[in-house]
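Presented below are the structures under discussion, each in the form of structure tokens.
In the two complexes that follow, subunit A is the common piece, with subunit B as its partner first and subunit C second.
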Partner chain A sequence: MNMANKNDKSRRRFLQKLGIAGASTVAGSALLLQGCSDSNKASGNKVKVLTADNKLVEVDVAHLKPGDKIQDLKYLQKRGREGIPGKKFVMVVDLAKCKNARKCMKACQSAHQLKPEMHHLNVLEMEDPVKKTSYWMPKTCQHCDNPPCVSVCPVDATFKRQDGIVLIDNERCIGCRFCVAACPYSARTFNWTEPKNSDKMADVTYDMELNVPQKKGTVTKCAFSADQLRHGKLPYCVSACPNGVYYFGDQNEDLVTNGTTKKTVRLSHLLEENAAYTLMPELGTQPSVYYLPPRESEG
Partner chain B sequence: MKNNKGYHIIILFCLCFLAVANVNAQSDWQAPAEENEKLSPFLFDDDMVLEGRIAYENSCTSCHGTPGQDDFTPMSPPPGDPAAEQFQAQSDGSMFYKIKMGRGTMPKFEDAFADDELWNIVAYIRSFNEDYKQELPNMEGVVIPEYAMSLSFDENVDKLVVKVFAEELPQPEVSVSAYVMGTFGKHLLGKAQTNELGIAYVDVDPTLPGDEEGKVNVMVKATKEFARAKVEKHMVMAKPTERHSAIEGRHIWSTDRMAPIWLKITFFVSVFGVWFALLFIVFGLRNIKKAREEA
Partner chain C sequence: MNETIAKGHLSEEQIDKDLLKNVNWGGKFKLWMGFLTVSLIICLYYYYQQLQNGLGVTGLHDYVSWGIYISNFVFFVATSLIGMLVSSVLGMMKVEWVRPVARIAELVALAFAMVAGLIIITDMGRPDRLLNVFIHGRVQSPIVWDIAVVVTYVVISGLLLYIPMLPDIALCRDKLNNVPKWQQKMYRSLSLGWNNTAKQFRLMNRYTRMLLILIIPIALSIHTVTSWLFAMTLRSGWDSPIFGPYFVSGAFVAGCAAVIIAMFFFRNNYKLKEYITADHFDRMGKLLVLVALVYVYFNINEIIVPGYKANTADAKHVHEMLYGHDSVMFWLVQLGGLVIPFLLILFKPMRKPLPLTIIAVVILAGAWFKRVLIVVPTQLAPYYPIQNVPEGWTGYSPTTPEVAITVASFILVVMIITVLAKLFPVVPIWEVKEDMNHKNNK
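This part shows the complex of A and B:
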């Protein structure tokens, strides 16, 4: 009995020691882990950052890592497909103010790596056969709510997003040019040759919101400068105009901002008071670009 | 040859005349005397210069180019480079007035920028002049009150109610401007002055769309002489509006990802059904042929 007790005691002691050793190992590793995470301790300096789902959050500087997402094609493709929730972008072009300065075209071509003969946006001279007068009309992709180009794309390369923007993904585009044929506004253009500065852009990750780098054998089109809109900035063409031709904004807010004066006005009032129209409404494409008619100059 | 020379002289003369006319057109523009003497109530510091730079790049670069680069747009009259001597020779008040009121092709920025934002632009333009020394108004014995504001919306009369206080005392005759903050800029709702109770009413268009709860971002500025205050609030003031995605529902251009499940099932059942029927017939014919060979 005594022996048995002694044995029992020693076994118990052994188990106790084992338990202590185990507990101390767990505690030690926990401390070690704690030590590791201490290197990531909050510094107290907070910054505001925008998350992928468009939420403004405040994080500590110490918790930030250098962003490599912007170089990640998969992330850029996902972001480009989804668009900006809660927005519906519209453009208003005041034809009475256009003086063919072509600053918009230059800004567009330099942002989207386009050769001088390629246009996402083109300023056309329109002639009025009755009055024998002419006016300038900037013409861009109309970002239709019922886009014929999207219907005909066989590979889902061109698509419409939740914020109303029609984009093209040149990673998917096979160069069939069905969309070019389907667009009633001739808004699309094709990279027949190697794009401008293609050697310099070789290592740049493709961002469909900017549609850069351009690729030979693919279609390219106006993107409403979706990359700028993501940062709350106006499109390249809109902010480059010296004559106050372009208004740009969110239809959901019913507010549009003039690219030159930065004056923000009600979209519905602007359209109603100036007898705005859309191009080829009879086709039922429902464009997101409105035109304010050219007015005869006073005197 | 002689004729050619004559033409050259005429063209040269015309060009000189145009240049002189343009310079004259620009120097002709004089601000009213009292505006000319107006001084900035703020001391131009780095923050103001930075703010001014953002405003300048957004609203002025397209015509005036980058200051000091002489890359302004060739227009008639030429907009000129703000870092140039002709610009810098003006008083602060004159610059402020010209930016605010505009003339001819120079847009009027009165509605786009509040006074303090206009002074930011003047501060930015002055930052290109090394010899500039800011002239400050005499502030001796002047007490600048610190304003506090409270915002509310009276839905019975569709008015934004702004109360302006300083040390809990209502402030009369304070100029109040209210804006709705849009994605790319601020929309002026209206301007008003506070009454003897320190309250100002600004009309709100009931058709203005807000979010699902009718909330919008409102920014209100209150100014009186050198006293200034600004407050921003996300408040219920507009028509509740449901925001729809531009691709929701079905369209002729919808992709198969957006097709409803019943359509997908019907499609696949029909396709596989047809294939099954064809194979069934082919196998049946094969079996008949086999049976005939065996018989």
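This part shows the complex of A and C:
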């Protein structure tokens, strides 16, 4: 597919850049890019997959091919909870570049099977009270390091993984919406009615990293496209943006890649040089999403 | 000195007769239950709709994801707290006059606490996964604490109703020979072989006292924890350290009002004028003044303190309440549902049974809307603007199914109280007799 091709190219370019950045980081980055296929030896851990010609077969986890659709709920659940070792994913949003193209919102809604009024990612028009101007601000889940949504969940259906991503297990969620009330960023949305395409999605095995299929009566939100990260790709929104707004990467490596230009830069430099900030730091939620301030004035 | 029970002119036989009279299944009862059942079935039809189509049948949405279900839950938990105040606090302080109405207070408490648990289930997006709370329950979530204390409170209230009732159950067993077989059997097993020995009374009193002490911390925690559902979040308007005591004091107001209404109902329908006297209403009225006073004090704190600060998000929230689009409801609830009734019951004529009951109805209604004001407006003022969603999402109005399901919870409470009051005497017979003998001997 088109998108996969593009991503493959970007991956090569990303690797070249890493070569310059230094050999020590390459091993780590390769892990981001190759996801969990960490060894080619049989692991003894069998999962059910759907082959390209729609046959259900059992293969060893180590022999999974990128095109295989995993049909094994137990495996997906375990993998989804564990996350990707050694990573700490971060996003940087450059508000100065956002022109409200909303390609990110579209890509997000189609990937996660969301109805038009449901947003994992919402581009808001924000007023600047001092300068009396407005700017566009894409708002995702902030993947807080101290996430209030996680502490209030009564059943551990929303949780934080070792790679910093906050996910939802909609097989477990009881739909109490306590997390919705607790999230100060209004990052969560609820399946109030039967989700979009629910009849078509009925046979799809649930993958919490994509949070698809959506389920009636459960909560959903931005997952940093954990399913994409697993395959070494950038999140849906990040690669959909035409204006270079999004950077995404790993804080441990101190590298982030721009989704439009595919340029990889040092996270710490980017943040420092542009006076980056996080949303409502006074709440102590410690977001993993950084914002670079909007342009000074329009003209 | 104690005017509440009409002097010593009632014989023991007369008391037995009066107070056991209501334990029967008369035509009036059947009609009333029939009416309740039909109404309940209509309401349950809406719940069925909600199960089929999801919570989308309500007026809830991503920005007001807690609406009247949760408000109603908070209200029910509040009202149930009264059992603790009347039977425990006043009981232990040896306030004599509450004894004849203590059982009514406990009935109200038990019924509201039981139904509160069900309301939470109606608010769940996935009630089919209720068991997950027990399988995967995590102690750091206030919801888990809440469920734990609600269940404990129901159990202890039930025991507190049951144990002091043992002598009366035994009386039912001995005196009621024309009730159905199953009912006789029930009295026989429930009375646990009670035969009025001094030793049994000693045991009963010991256990009752233990429960009375036990229920105080539990009742307080049930309410405090419920308030934490809000206070533990980072939202302005909820994020308040005095939410606990604020909720508890409000609970006493709602509970007193509910007990007064129930007293009025039983007094008139069960012809208990000799036992639940005008003096009881007067004293309940005074109790209401006292608890309302404390509550008004917390209300002032909760509003003035953040309102005084100029530009914080909390201040914005308070200003919105005072002058903004919630202001009509706010002032109606504060003045109409609290301050004016409070001033009225300062006057003795207003504490007569009928006027006091009417005032109690107003207070109770005000208390209900007050809970909506606690739950809803905060959510309508999120930190980030509400955009790119349907227009209706900047407000909240409950739908018919939502209202019907809420009404169902009230019907259930009335049903539980009605049935229990038909199975057992609502005024503790042995305590009334004891009280009277005590007085006659003086």
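Criterion: the second predicted complex is superposed on the first by the 227 of 299 C-alpha atoms of A that agree within 3 Å, B and C clash if a C-alpha of one lies under 4 Å from a C-alpha of the other, contacts with A are read in each partner's own complex, and residues count from 1 in each chain.
We take it that a residue touches a chain if its C-beta (ideal position, glycine included) is under 8 Å from a C-beta of that chain, and two chains touch if they have at least 3 such contacts.
Since the structure is predicted, the reported quantities are computational estimates derived from the model, not experimental observations.
Undergrad: Could you check whether subunit B and subunit C clash or fit when both are placed on subunit A?
TA: fit
Undergrad: May I ask you to decide whether A:Asp156 touches subunit B, subunit C, both, or neither, giving the answer as first, second, both or neither?
TA: both
Undergrad: If you stack the two complexes on chain A, which partner ends up touching A:Arg230: first (subunit B), second (subunit C), both, or neither?
TA: A:Arg230 contacts neither subunit B nor subunit C.
Undergrad: After the superposition on A, what does A:His119 contact: first (subunit B), second (subunit C), both or neither?
TA: A:His119 sits against subunit C, while subunit B stays out of touch.
Undergrad: Touching A:Arg81 in the superposition: subunit B (first), subunit C (second), both, neither?
TA: Neither: A:Arg81 stays clear of subunit B and subunit C.
Undergrad: If we overlay the two complexes on their shared chain A, which of subunit B and subunit C does A:Phe178 touch? Say first, second, both or neither.
TA: second
Undergrad: Pick one for A:Leu255: touches subunit B only (first), subunit C only (second), both, or neither.
TA: In the superposition, A:Leu255 touches subunit B alone.
Undergrad: Which value in Å is the smallest Cα separation between subunit B and subunit C when the structures are fitted on chain A?
TA: 6
Undergrad: Once the two structures are superposed, pull the subunit A residues common to the subunit B and subunit C interfaces.
TA: Common to the two interfaces on subunit A: residues 148, 151, 156.
Undergrad: Which positions of subunit A touch subunit C when the two form their complex?
TA: 105, 117-119, 122-126, 139, 148, 151-157, 172-178, 180-182, 184-186, 188-194, 216-219, 280, 283, 285
Undergrad: So in the complex, which bits of subunit C are touching subunit A?
TA: Contacts found on subunit C: 53-56, 58, 60-63, 65-66, 123-127, 129-130, 132-133, 135-138, 140-144, 147, 229-230, 232-235, 379, 382-390, 393.
Undergrad: Quick check: in the complex, which residue numbers of subunit B touch subunit A?
TA: 58-59, 62-63, 73, 75, 107-109, 111-113, 180, 182-188, 205, 207-209, 211, 241, 243, 245-248, 251-253, 255
Undergrad: Would you mind writing out the residues of subunit A in touch with subunit B in their complex?
TA: 85-88, 101, 103, 145-148, 150-151, 156, 159-164, 232-234, 239-242, 244, 248-250, 252-255, 257, 260-266, 268
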